[in-house]
Amino acid sequence: MEPLPSLKPLLAVLVSLGVVPILMSSRSANVREAWTFGAAGLKFLLVLAMLPTVLEGRELVCTLAEVLPGVAFRLRVDALGMLFALVASSLWIITSAYSIGYMRGLQEHGQTRYFCFFALALSATIGAAFSANLFTLYLFYEMLSFATYPLVTHHQDAEARRSGRKYLLYIVGSSIGLVLPAMIFSYHLSGTLEFTSQGFLPRAGSPVLLGVLLFMFLFGFAKAAVMPLHAWLPAAMVAPTPVSALLHAVAVVKVGVFCILRVLTGVFGLDLLASFHLGAAVACVAAFTIIVASLIALTQNELKRLLAFSTIGQLSYIVLGAALLSPKALVGGMVHIAMHAFGKITLFFCAGAIYVATRKKYLSDLVGIGKRMPVTMAAFFVGALSVIGLPPTGGFLSKWYLVLGTLQAHQWPMLLVILSSSLLNAAYFFPIVYRAFFFQGDQSLSDNTTQEAPLWCLVPLIITAVCTILFFFYPFPFLRLAELAGL
Amino acid sequence: MVIALLVIVCVVAGLLFFAGGTLGLLRFPDFYSRLHPAGKLDTMGALMVLLGLGLHQLFPLTLDSVLTGLKLMLILVFIFLASPTATHAIMDAGFRAGLEPWKKGDPRR
Amino acid sequence: MIWQLDLLILTLVVLCGIGALMIRDLLGAAILFGAYSFMMCLLWAIMGAVDVAFTEASVGAGVSTVFFIAAVYHTTRRTKD
Amino acid sequence: MKALGLIIVALVGAILVYATIDFPPFGDPESPASLHVSPRYLEKTLEETAVPNAVTSVLADYRSFDTMFETTVIFCAGVACFLLLRVPRRRPPAPRQFRHRLTGLTFRIKDGGEFVLPVREFEPVDSIWTPYDLIIETICRYLIPFIQIFGLYVIAHGHYSPGGGFQGGVILGASIILLSVSHNLRTALKRMGEKTSALFSPLGVLIYTGTGVLCLVLGYNFLDYQALAALLPGGPIMARSHGIFLVEVGVGMAVMGTMVWIFKNLASRGRYDEGL
Amino acid sequence: MEEILGLVIARYNYWIYITLMMVGLYGMIAKNNLVKKIVGMNIFQTAIILFYVSIGVKKGATIPIIEHSHDVAHQAVRAADYINPLPHVLMLTAIVVSVATLGVALAVAVTVYQRHQTLEEDEILKQIREP
Amino acid sequence: MNVHYPALLVIIPLLASFFISAAGWLRPVWCFPLAVAAMAGSLLVSLGLLVDVLLGIPGLYWFGGWPPPWGIYYRVDHLNTLVLVIIAAVGFVNLMAARPTVERDFPEKAGPFYTLYVLFVTGLLGMVVTGDAFNLYVLLEIAAITGYALIALGKGRAALSSLHYIFMGTIGACFYLLGVGYLYIVTGSLNMEDISRLLQPLHGSNVVIVAFVIMMVGIWLKMGFFPLHAWLPNAYTYAPSPVSSLVAPLMTKVMVYVMIRMILTVFTLDYAFLVLKLNDAVVWLAVIAIVAGSLLALAEKDVKRMLTYIVVAEVGYMVGGFWLGNRAGFTGAVLHIVNDALMTFCLFLAVGNIIHVKGNSRLESLSGLFRTMPWTMGALVVGALSIIGVPPTCGFFSKWYLLLGAIQSGHYGFLAALLGSSLVGVVLFFRIFEIGYFEPLGASHGPAHGEGGAAVREAPLGMLVPLWITALSLILVGLYTGEIVGRVIRHAIPEMML
Amino acid sequence: MDHFFLGCGLFLGFLMMLSLYRGIVGPTVLDRMIGVNAIGTKTTVLLILIGLLYHRLDMFVDIALAYALLNFIAVLAASRYFQKRKGLYEELF
Amino acid sequence: MKKDAAEQPQLELPLVQEEKRSGSAYGATFIMMLGVWCLLSGKFDALHLTLGVLSSALVSYFSADLLFSGPITGRTFRTFFGFLGYLPWLLYQILRAALHVMFLTFHPRMLELIDPQVIRFRTRLKSDLAQVTFANSITLTPGTVTIYVDFHRDFSVHAIDQVSAAGLPGEMERRIARAFGED
C-alpha cells in the first residue's frame, strides 16, 4: 500500500528534543519535571495517534533531506517500528515518574542534566524505531550512544569513569569500526540503504562477503550485547537505576536488537539469509549467548548485575527469533521486545526501589525483604515470571511463539536451548523471591513493619507489573503489529 | 682611432690600478694598511676606467650620448664622495672596535 | 648574454653563497651576503634582465644587507656554525 | 641534522638534474618559453601601451594584478614587522640625557625633571650614544638629496629605462635609511616620522588599487587603464601609459614607506629611541 | 661522451642554479643558527630567480626595452631580438617577496632572541625543554 | 549578477585592509568595524558567486581587460565556489570571535592585527579563485607572510615556531614556484588552462614529471602532509587563539584545494593517474599520515596541540581521498575541505574560549569545565562528534564518501586508517570530556553539590555566539550534504572519474 | 672594441674573485668589509662594461648610478655596528 | 611631576643641528635638483619636465636643509669656486698617492717599507665642510687615512709610512683654507 506522507513521526522524534532547551533553562525542579511529563505524554499520544494507521497496514513516511544520493534522512513508521516505539514511549512516562522518586529520594546531583539527556536518549530511541533506512538508523543509534554516556556516568566517580570508558569503547568502537564500513559496503553493493521487506542487498553477492557483512552488523550493533561484545552491559549498571531500567532494559539494548532485526529483515531479507544458511549461523551465536549469559547470571550476587546478565540472555532470544527465519519465531522475537521490556523494567524498578528504601544491592542482603517491601517483591515476582516465560504474564506469550517458531523451522536444538534457558532463568529468579518471602534476614529487615519506597517509585512499578499481566490477556496491539511486520 | 687608443690607455691604466688595489688588499699585513690600497687605488681605478668608457661612448656625439657621459661623470662624483667616506668609516670602526694596528715587525694578520 | 662573464660571475656567486653560509660570524655572513647580492645583480645584468638587476642592486645594496646588520646588531654575532 | 640535510639536498638535486636534461638548451631562442606568450608582449607593447620597456608594460599592465599583490606583500611585511617588534609606549620614557658639545659631559635628567640650560650648547643623546662623526654626517647630508632625486627619476622613467616604482621606492627608502645610519634614528624620525612612513605604505597600495577601482567605476574591468581615457588626455593607449605611471607612483610610495618602516622597527627593536 | 659534455655545457646556467639551490637548502636544513638559516633561505630564493631569469635568455638578443621608440613608433618589432620579458616580471615579484620574507624573518629572529637570548636553535630548544 | 564579483571578492578586503591600517594610526576605533565590513563584503560576494555558479553563470574575470594567456584571469567554478564561501565565512565568524581576545591581549596593536587578518583572508580567497599559476604564488606568499606574523604574535615558543614555519613555508612556496617555472620552460605559458592544453603532447617529458613532483612536494609542505608536517603543530599551537582558529582551519584546506586544482586543471587526471601511476603510493602516504597524525595526537597533553595533530591526520584524509581517483573519493575530498574547515574551526574556537578564560589548554586545566563553561564545552562536543564522524554532523558525510571511495577502489588500507583514526578520535575527545566531566575526586558527591554548584565562568558572549553559530553550521551543513554534493560538487567531478 | 671590453670585464671579474678571497678568509669582519667594499666599486664599473657590451649603455648607467649611491650604505651600517657596540660615554648626575 | 614630561617621548626633543630653513636654500636646492633631473632624464617633453619640477620641489621641500645649512650668500658661491680651484691639485695628489701605494703594493719587500703609525694633530679649519674636505682629501692622498675627527677639530690619521706621515697637515690644509676662505 502507498505510504502516507506525514509529519507525525518527525514530531514524535522531536518532541523530546524540543523540550531539552526548556529543561536546561528552567530553574525549578517542578517545572522541569512537569515539562518532562508533558513531553512524554505528548510523545506517547503522537505514537498512539499513528497506531490506527499502522494497524490498517499502511505506513507513514516523512522525508527530510536527501543527504546522499539514494540515501535520505527519512522516517517511516511501519509495524515493527511502531511496536518498538509504543513500548519505548509508554515506558518513558512511567520511568519519568519513577526517576522523580528515585532521584529525589537519593538527592542525586545534576538532575537537570539527567532529565535533559534522558529526553535526548528517548528522541534517539524513537528515531531509531521510525528509521526508514540504515543511515537514519545509524544516525539515531550513534546519537543514543552519546546521549546515554552522561547518564551511565552520572555519578561522576572513578567507577563511573571506568564503566563509561568501557561502555564507549564497546558501543562506539563497534559501531564505527564494524557497522559504518558494513553500511558503506552495503551501499556500495546496492546503491541504496532503504529498508525493504525483502532486503536490499543484491541476491547475487558472494556468500562469504554476505556472511562477513552480516556478522559485522551483528556484532557492530553492540548494544544488542551479543557475546562476546556484552561486557559493557554489566559495567553500565553503575548508572542510576532508572537509567539502567529504561536504557538497559528498554532503550539502549532494545535499540541494539531492533537494529539487528532491521538488518536481518530489511537489509538482508529472510530469503537471502535462508539461501545462504546465514540464519543458522546467527542463531548459533544467539543460542550460545543465551545459555552462557544465563549461566553467568546464576553466579551473580549483585542484583543489578544479575539482571544485566539476564538481559543479555533475553536479548538473544529476540535475535534468535529472527535468525530462525520462520514467521512464528519472528513474531515471537518481535513481541518479546515488548514483553521483555515490561517484565525487565519491573524488575529494575524493584531493584531501584529496594535501593532507595534500604540502600541494599546484593542478593545476600535481600533475604527476608519480602516482609518489609511486600508490594515491591510481589511486582518482582511478576516480572520474574514474565522473564522466565510463565503464564499468566506476557513473557509466556512471546516464548510460546518462539517455541512454535523453532518447531516450524525444524530447529530442534534451538527448542532445547530455549527450554533449558527458561529453566536456568527460573533457577536464578525463584531463589530470590523465595528467600525474600520465606527466610529471615538480618536485623535491619526483620522488624516486620512495612516500609516501601516512596510513592513516586512504587506506583510505576505497580503499573508495569500490572501491564505485564495484562499483556498476557490482551496482547492484541503487539501481536498484531508483530504479525504485520513478519509478513 | 686616437680616441680608441686613448680609451684603451685609460681603461688599462684603470685596470692596473684596480689590480694594484686588489693585490694590496691581499698583500698588506693588517686591516689598517689594507685599507690604503683598497680605498685609494679602487677609487683611482674607477676614475680612469670611467673616464675611458665615457670617452668611448661619447661617439657618435648626440644629446643622449653626452647625457650618458655626464651620468658617468656623476657616478664618478659619487664614487669620489662615497669611497673615502666608506674607507674612513671602516677605519673608524676598526679603531672603535679596539683593533691594534700592525707595527713593524709584527707577524702578518 | 655574455657567456664568459656569465660563467665567471656564476662561480663567484656560488663562492659567495657558500662563504656566507660558512663564516662563523653573523656580521661577516651579512656582509658577504651583501657581496652575494652584488654578484647576483651583475648576473642579471649579464643575462639582460636589467629591471631585475636594478631591483637586486637597490635591494641588495640599500636594504637587505642593512636589515641583516640591524638584526645582527640587536641580537648577537656569535654563531656556532 | 647535517646528514639529513645532505640526504635531502642530494635527493632534490638528483631530481632537478634529472629534469634539466630535458630542458631546451640555455639561451635557445626557439624554446617554447620564448615563442608562446612573450612575443606578443614585445611586439605589442608599443602599440598597446606606448611603453617601450616591455618589462614595465607587462609588470604594470598585462600582469598588473600580480604587481598589485606584490606591493601588498611588501605592505604586509611592513605591518608584520611593526606588529612583531613595536613596543607600545606604555612605559615611562627613559631618562633623557644631554651632552655638552664642547666638554663632552653628559647630563641625565631624571623623570619629571626639566632641562633649563640653553639648548644649542647641548645635544640630546641616548644610552648608547656614539661620538659625533663629522665626515660621515656631512657627506651623507650632501648625498641624500641626490639619492632622492635619483629615486624619483627612477620612478618616473620606468617606461623608458630600467626601473620603476619598486626600484625607485627602494632608493628613496634607502635615502632615509642612510640618514638614519649616518646621523641617528632620531634625525630620520624627525624627517619622516613613524606615522608618516606607516601611512605611506597603505597609501601607496591604495593608489594602486584605487586606480584599478577607478577603472572599475568607469565601467571597464579592474585595472583596465583604458578607462582612464575619459579623464586623461591622449586617448586609450596613452591612458594605459598614464595608468602605468600612476600605478608606479603608488608602488614607489608604498615601497619607500615600508622599507623605512621595517628598518626603523628592526633597527631599534621597535623602541624607536635609538638604533643602528 | 661528447654528447653528455654538450648537454652539460648547453645548460650550464641550470647546473649552477641547482648548485645554488642545494647550497641554500642545505643551509636552511643543516645550519643551527637562525640567522644563518635566513641567509640560506635567501640563497635558496635567489637560486630560483636565477632559474627563471635563465629561462628568459635568448642568444643574440638584447634587453627587453624596445629601441627607437620615438623615431619610428610603429616599426615592426621582432620578438626574437629582445629577451623574453615575462620571467623578469615574475622575478621582480619574487625578489619583492623575498625581501618581504627577509624582513619578517629577521623581525621574528629578533623576537626569538629577545625571548631566548640566543640564536642557536639547539640552545633554544634546550631552554624550552628545561625551563 | 554583477560581472565584477570575482574581482570584488578580493578587492573589497584588500582595500579595506589599507583603510584599517590607516585607521590604526588615525582612528583606532574604526579598525574593527572596517574589518567586519570587509569580511562581510567578501562573504556576501562569495555567496553571490555561489548563487551565480548554481545558476550556471560562469564567473570569469579578465584583469586589465587582457585575455588569457596574456593577462591574469579569475575563474569561479563548481570546484572553488564552496571553498570561497567557507573561507569568507570562517574569516567573518572568527573575526567576531577574535575581538575580545585581541582587545584584551594586544589592544594597541589591533590595527595591524586586523590588517594582517584581512590580508590573510584576501590571500586565501585569491589563491582559490585565480586561474594563473604565478598569481597563485603571489597570493600564497601574501597568505603566508601574514600568517607568519600572526603566528609569531603568540607567547613563548611562538616566535621560534613561526620562524620554522617561515623556513618550511618558503621552501614549499619556492618549490611550487620552481614547478611553475618548469612548466613555463616547456610550455611558455602561465595560465593554468593554457598550460594544460600545451602539456598534452609533453606527458613523457622529464621536466613535466619533475615539475609535478616538485610542485606536489611544495604544496604538501605547505599543507603539512605527514612526513613534511613538522612545522605545523608548533606553529598552530603557540599562535594566539584567534590566529590559530583562522590559520589552522583554512591554510591546510586551501592547500589541498590548490593540489586538486593543479592536478585537475593543469596536469589533468590522465597524467596524474595514468601516466605517473603515483596514486597507490600517495594513498599509502596518506594512510601513514592519518595513522601518524592520530597516534601523535594521542601522545599530546595539550588540547590545542592535539588538535593540530588532528589537522595533520585530516590532511591525510583529503589527500588520500583525492588520490583514490574515483568519484566518491573526489567528492569526499572536496566535501571534506569544507567540512574539515568548519570542524577544526569549531574546535579551535572552543579551545580559544577555554584559553581565553583559563589561560592555557593543558588537559589538567580542563577539569570541571562542563560545569563552569557549559556552552563552550557543548560546542566542543559538537565539533568533536563531527571529527569522530557521527551523523548528522558534517564530518560523517565526508567520511562516508571517503570510505565509499576506499571501498570502491578496493583500497582497504585507507579504509582501515580512516576507521582507526575515527576510533582514535573517540579516545582523544572522550579523554577530554572525561576530564571536563569528572571533576577532581573528592568533590564529586554529596548534596552540597546539588544544582549549579560551582559558578559558571564562561567566555564573553562575543566569543560564544560565533562558536555556536559554527557548531550549528556543522549540523546544518551535514543535513544539506545532499544539496551540496548534488548541486555543486557533482559538477566539479571530471568526466574521467567514473 | 667589444673584445677589449669583454677582456676588461673578465679581468675585473678575476680581481673580484681575489677580493672575495679577502672577503671570505679575511681574519676579522672589518677585513671582509674591505673586501666587499672593493667588490662593490668593481661591480659599478663592471655594470657599465656590460652596458657597453650590450650597446645599451644608457640603460645600464642608471643601475650603476644606483649602485654607486647605495653601495656604501651597507658599509656604513656595518661600521656603525662597531661604533655603537663600543660606544663610550661619560655620565654626570 | 610635570605632565608633559611623562607624555612626551624622547623623540620630540629639539636637535642641536636644527637650522633655520631659508627660502634661498630651497631655491638653490630646487635648481640643483632640476639640473640633476634634466641630466638624468634626457627627455624634455612637457610631461617629463613637469614631473621633474614636481620631483625637485618635493626633494627641496624634504631635504633642502640637508644640502644648505644656512641661507645662500655670496660666500656660498665663493666657496664653491674655491673648491673647484682646489680640485685639480687634489686630483694630482690623488694620482701621486695612487702611484705611491701602487709602488708599495707591488714592491716585493713591502713589509720592510711600510711603517704604519697613527698621528694626531689639530687643524685650524673651522667650517664643517672644510674639515670634511680636508679629511677626505687626507684619505685620498698619499698613504694616509683619516680615522677620526672629533669636536675639537682633532684629527687622527693613520699613515702607512714615515714619508706620508711627515707631510701632514702641511700644504693641503693651507690650500683648503684658501679655497674655503678661512685664511
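Order of writing sets the chain letters: A, B, C, D, E, F, G and H. Residues in each chain are counted from 1.
Methods note: a residue touches a chain if its C-beta (ideal position, glycine included) is under 8 Å from a C-beta of that chain, and two chains touch if they have at least 3 such contacts.
In this text, all values refer to a predicted model and were calculated from it rather than measured experimentally.
**Q** Chain with the smallest distance from its CA centroid to the overall CA centroid?
**A** F
**Q** Look at all chain centres (mean of CA atoms) and spot the one farthest from the centre of chain G.
**A** Centre of mass proxy via C-alpha means gives A as farthest from chain G.
**Q** Comparing the two chain pairs, does A-F have more C-beta contacts than B-G, or is it the other way round?
**A** Per the contact counts, B-G leads.
**Q** At what distance in angstrom does the C-alpha mean of chain B lie from that of chain A?
**A** 98
**Q** Starting from the mean Cα coordinates of chain E and chain G, work out the distance between those two points in Å.
**A** About 20 Å separates the centre of chain E from that of chain G.
**Q** How many Å are there between the centre of chain B and the centre of chain D, using C-alpha atoms for each centre?
**A** Those two chain centres are 30 Å apart.
**Q** Taking the mean of the CA coordinates per chain, how far is chain B from chain F in Å?
**A** Whole-Å distance between the two chain centres: 57.
**Q** Do you know which chain C residues sit against two or more other chains?
**A** Within chain C, residues 1, 30, 48, 50-51, 53-55, 57-59, 61-63, 66-67, 69-74 contact more than one other chain.
**Q** In chain B, what residues contact two or more other chains?
**A** Within chain B, the residues that touch at least two other chains are 21, 23, 35, 43, 64, 67, 71, 74, 78, 81-82, 85, 87-89, 92, 96.
**Q** For the complex, which residues does chain D have touching chain F?
**A** Against chain F, the touching part of chain D is residues 15-16, 18-19, 21-24, 31-38, 40-41, 61-66, 68-70, 72-73, 75-77, 79-84, 86, 88, 90, 195, 198-199, 201-203, 205-206, 209-210, 212-213, 216, 220-226.
**Q** Under the stated contact criterion, what part of chain D meets chain C in this complex?
**A** It is residues 27, 53, 55-56, 59, 154, 162-164, 166-167, 170-171, 173-174, 177, 181, 259, 262-263, 266-267, 269, 275-276 of chain D that touch chain C.
**Q** Would you pull the chain D residues touching chain H in the complex into a rising list?
**A** Per the touch definition, chain D meets chain H at residues 89, 92-94, 96, 101-102, 104, 111-114, 119-120, 122-124, 126, 131-135, 138-139, 141-142, 144-146, 148-150, 152-153, 156-157, 160, 179, 186-187, 189-191, 272-273.
**Q** Enumerate the contact residues on chain C facing chain D in the complex.
**A** 1, 50-51, 53-55, 57-59, 61-63, 66-67, 69-71, 73-74
**Q** Considering only the defined contacts, which chain B positions touch chain D in the complex?
**A** Within the complex, chain B contacts chain D at residues 78, 81-82, 85, 88-89, 92, 96.
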